[in-house]
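In this document, chain identifiers A, B, C and D correspond to the written order of the chains, with residue numbering beginning at 1 in each.
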């Protein structure tokens, strides 16, 4: 039925629990339903540009990977065939190696690519399609849940679970010692993880990028709780949270080019200010990459599996240039054009935020008095 | 703003992780947003019929309950004010005590009821509305996820998580000892839990009520796996699974009227037949009520919270006779008429089942060869 | 330093979380500290008797296995080279194949064997040593914790954790529905798992093989709790629990010789009697093999690692005929003679049981009124 | 039998999973076995010095607390009746309020005190005994496991479990992205948590206070792994880890007297140096207080329970001036003199460290080449 006999599979960007479920489902359903061969491309787009970075994927290679975090194919945060960072005589230069990538695909007999990645990775997929006519099918991946074209993606729930477990654990110490506990979670632009884990963990305040915070309000919230008998407070801080009129703190590494600039210190900054304002002991936990790890939740495993099967179905039926997505509880697809460049942010007036406010969670926004 | 100043809150039917999240959200948002008082009705409809079974619910009563399973209000599987089982002179008789229940509500000053329950509980709510004009708002609760009016309800995911964890654990023993492992999960009429935990746990076969199984096929599946080097198999069996042309096994208690008739032994029955057919050692695990317990997953906590807030909003805005529900990712509501009596079953030709088949899971149906 | 250049490694009996930690530690430390080669023997003693059932174990083979349950070498509950069950013309006969096993060891160049197993497996090890002079080092493995020569072994804690988690989960349903919840855990002869998970899970009664139970007492305990306001009870039942003057129920399979006789139904039997005595609804959960599965707890991983390193040290230093063990917090060793045939049972007058009684847990023994 | 009819119970110092198990066991066994009354003293020694900070503890007060982290009595890290920090006219002064504390005990009818705490808390207990003849029984509490008088205390295992889970989660990201992952765990003076979670989590290097590290060695370890194909490394860093010839980094708060000076930044400091040395991306996770939280492991619950029962037994039998402890698998007791002031550190030549080295874990010590 399918004319495509050999597909490539590539995972790009930050890792995400559920990637292996996608890989396993692509391999199993491609073989079972379409008799396709599947070539695994290693370390994201690096595997297209550099030789020797592919492997054949059969039943044996995907055995036992379903409950494992990470991606057996490896990934890369920065590899872009249109602007590859190459070291030349001790300096890092950017080179367009896209033609080479397409040539390699042909040599390997790869007729179509299933590309699993976030906005950046899928933009490159679209560019490969637009410039070279490469047949691509996209699978959305974003731990932050900030792609507007899909209701939710795998990995997000697992991250929320890990963060909520941390908030749960902080409760007992906070209560026993009358402290302010701050926990910093992922979310540079979108506060979804903070919102979900804060609500689920019973936080008293949640600071997210979409709602700039007024530090005085947070101080007053904590003092008001104290006055009414709750001598502790739990504050969830998205890494991209920023004060009203201010901006998020970026830690840059001008002397260490191998380090990406990154956000950092949002929770510590809030803690320093709050301990001055309220004279209460504050303690900070920075969850960092443990939010990306661990065995995927059953929901994330199943969503990854369904995405993988759906992507192969698209490839088998010639539906290229599209990305699979979740709408309601069903799997659908959109064009790559619709898929990229549209970030889904928390709506400060939306139902989730209003529900959080209704149960007393404070976002500490300026007009929120 | 609201004319309703005092609402009652009642949880009925089997317990479900997330009930306490609903209770907490109802209490907090009723007080904060509508200055209502909330009366907790104890042990389901029993609390309306018998005196002394209510308690006032304030911030203090709902402190710390968010991560807890069960319901602080207690529940009852059988209490129905229209057909109350009462012991009279050593015999159990059925009495209509609905008028008394409505009278008690008035005495307590309860102007409207928020009723959290499954199909049975909500049918009674509708009857109270229809016969006595009681103002009711429904919140759906079904661990089996078989209410058609809402995409999903709280508790289901936690049950799937518990069941998947069990399947994960059986893998190592199955592999080390070359055994057939069967795990029986909840699901009398609907196979949702079996389907979700079987896919997520990497089961080899899933038997659900919606797809009657052919035991010979299951035997052949296991032998085919053995032939190709996989000397173990994992089979997930919904408690209501039944053979082609047969029926599920009900364990009745004619001599013990205090025991409800219940399903039982589906997995053991399959195991006995399979060990005869394949001569392989089979081991059975029956998860039972641990699927209803434990701390709710963050998703279930948040869904419970959102349902609770939405139910109070309906009550505050006069939207009686309705049940809150989840559509897509948003909270909406339907009439109680639309809500009850429509069971949502697994579609044997639906996307989930087809995805499961695509990755090699066998449902062992007759025309499935 | 060591004269032994090649060792065999074998895991026998039921599987146990932590076996892979032993395997990994044996391989890594044998190579690093003693430059030994390690031969993995597959499926317990089967791998010695039948050809083609061994594999070389190097760093690559043990990568990533530390957090995994089960044993990568496979195991066998029944294989005994001195009495091998062989199928001959449709009948199962017992044959002494020990000479063949020893011959195979020599052919493979295996100079010494590290044997990981319980009492049965280690008795065979001792027999190989006594009859053929095979150089053996034992590593204790018993999920039931009933070997007297070691304070504790890996796997036991993980099983207790799994069982306790189940008891924790039953609490919410029991409380919400006023039920008696019974959970059956492993322990044919020794009640250690039941004792530990019952204490940790806040059970109201614990029935173990070492303390025959009086069913009337259990009924009275439950009714006494009801009278004082606790309308639910949690009872942990070891699978080998038996009534005063009675015996445990064994489920035999005379017509299915491939099935081992096994205990079964202890909790169900108690539930049936208790529901008759108290007229309360009882619910049974049988944990079964999930107690043997799952990722080993950190304690079990570390104990397995230390045992593996210590076993290699013994082999490297010529300490054959001994089994490693835990004394206090330190690793020591005993002779195989001391190691086998001595079961460690729960002392009905010991400190653990007395502590459990002090906090109100009932063992329902006859003189315990 | 006992002459003591009323005992006080106090928890001091940092919180620890298992404290509530101690409290529950003290209350239950004091009432059941000795008919004593139990007075809970709130917020550590503060509850002795200030009025109104006690509560009667009965069965009802300890219901349901067994699986909860923290302490229902509250604690205080700094309260010391012999040197109470009191605010006087905006300044913090130290006052001896011990006589007042003893007087308050008498007024409340408290005849003996059970004091649960670490070295600091128990030293104060000894001082109360020595100066005022107060009858005290100690229960050891240290999440760091650094009291020499007991083999292990409750809470330590739970902290190790939490930290190991984090290390497990970092593996998938580290592998997928070829990174160096550093995780900072508790341990100012003693590296027990780092040692146990590093071994259990399969870390490549562990830096602990007892073995000053050579940063060059760590760099070489990482590069050696890279050379042999492992492009990622996991490093566990105790917060008190310090370089050879250097010292741990203390973050002081001279301008914020309400903040305790604390260690900080050990992992970040190592990460900065390693990213310069190896040019590899490093990522830091600081677990902080989540290590003190969460539901106690079954082992910790049971150890807490046994300690609580044993402490009441001592009080009931007149064994004052002693602390309960674990020796082997049994509960014993030592004098307070033996109990305090003796820290148990990791032995760099001990069996645990040698086992860790045998499986390839590097401690990066100077003579460790």
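Note that a residue touches a chain if its C-beta (ideal position, glycine included) is under 8 Å from a C-beta of that chain, and two chains touch if they have at least 3 such contacts.
Keep in mind that what you see is a predicted model, and the values were worked out from it rather than measured.
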item: Each chain counted as touching subunit A and subunit B at once; value: none
item: Shortest walk length in steps over touching chains, subunit B through to subunit D; value: 2
item: Chain separated most widely from subunit B, comparing mean CA positions; value: D
item: Inter-centroid spacing, subunit D versus subunit C (mean Cα positions, whole Å); value: 32
item: Centre-of-Cα separation between subunit C and subunit A, whole angstrom; value: 41
item: Whole-Å separation of chain centres (CA-atom averages), subunit A against subunit D; value: 35
item: Multi-partner residues of subunit B (at least 2 other chains); value: 168
item: Chain-chain contacts as defined at top; value: A-B, A-D, B-C, C-D
item: Parts of subunit C lying in touch with subunit D, wherever the complex brings them together; value: 24-25, 28-29, 32-33, 66-67, 151-152, 157, 160-161, 164, 168, 196-197, 199-202, 295, 297-299, 301-302, 305-306, 309-310, 312, 327-331, 351-352, 354-355, 358-360
item: Subunit A residues touching subunit D - in the complex, by the definition given at the top; value: 14-15, 17, 19, 43, 68-71, 74-77, 162, 165-166, 168-173, 175-178, 181, 256, 258-260, 275-276, 279-290, 292-294
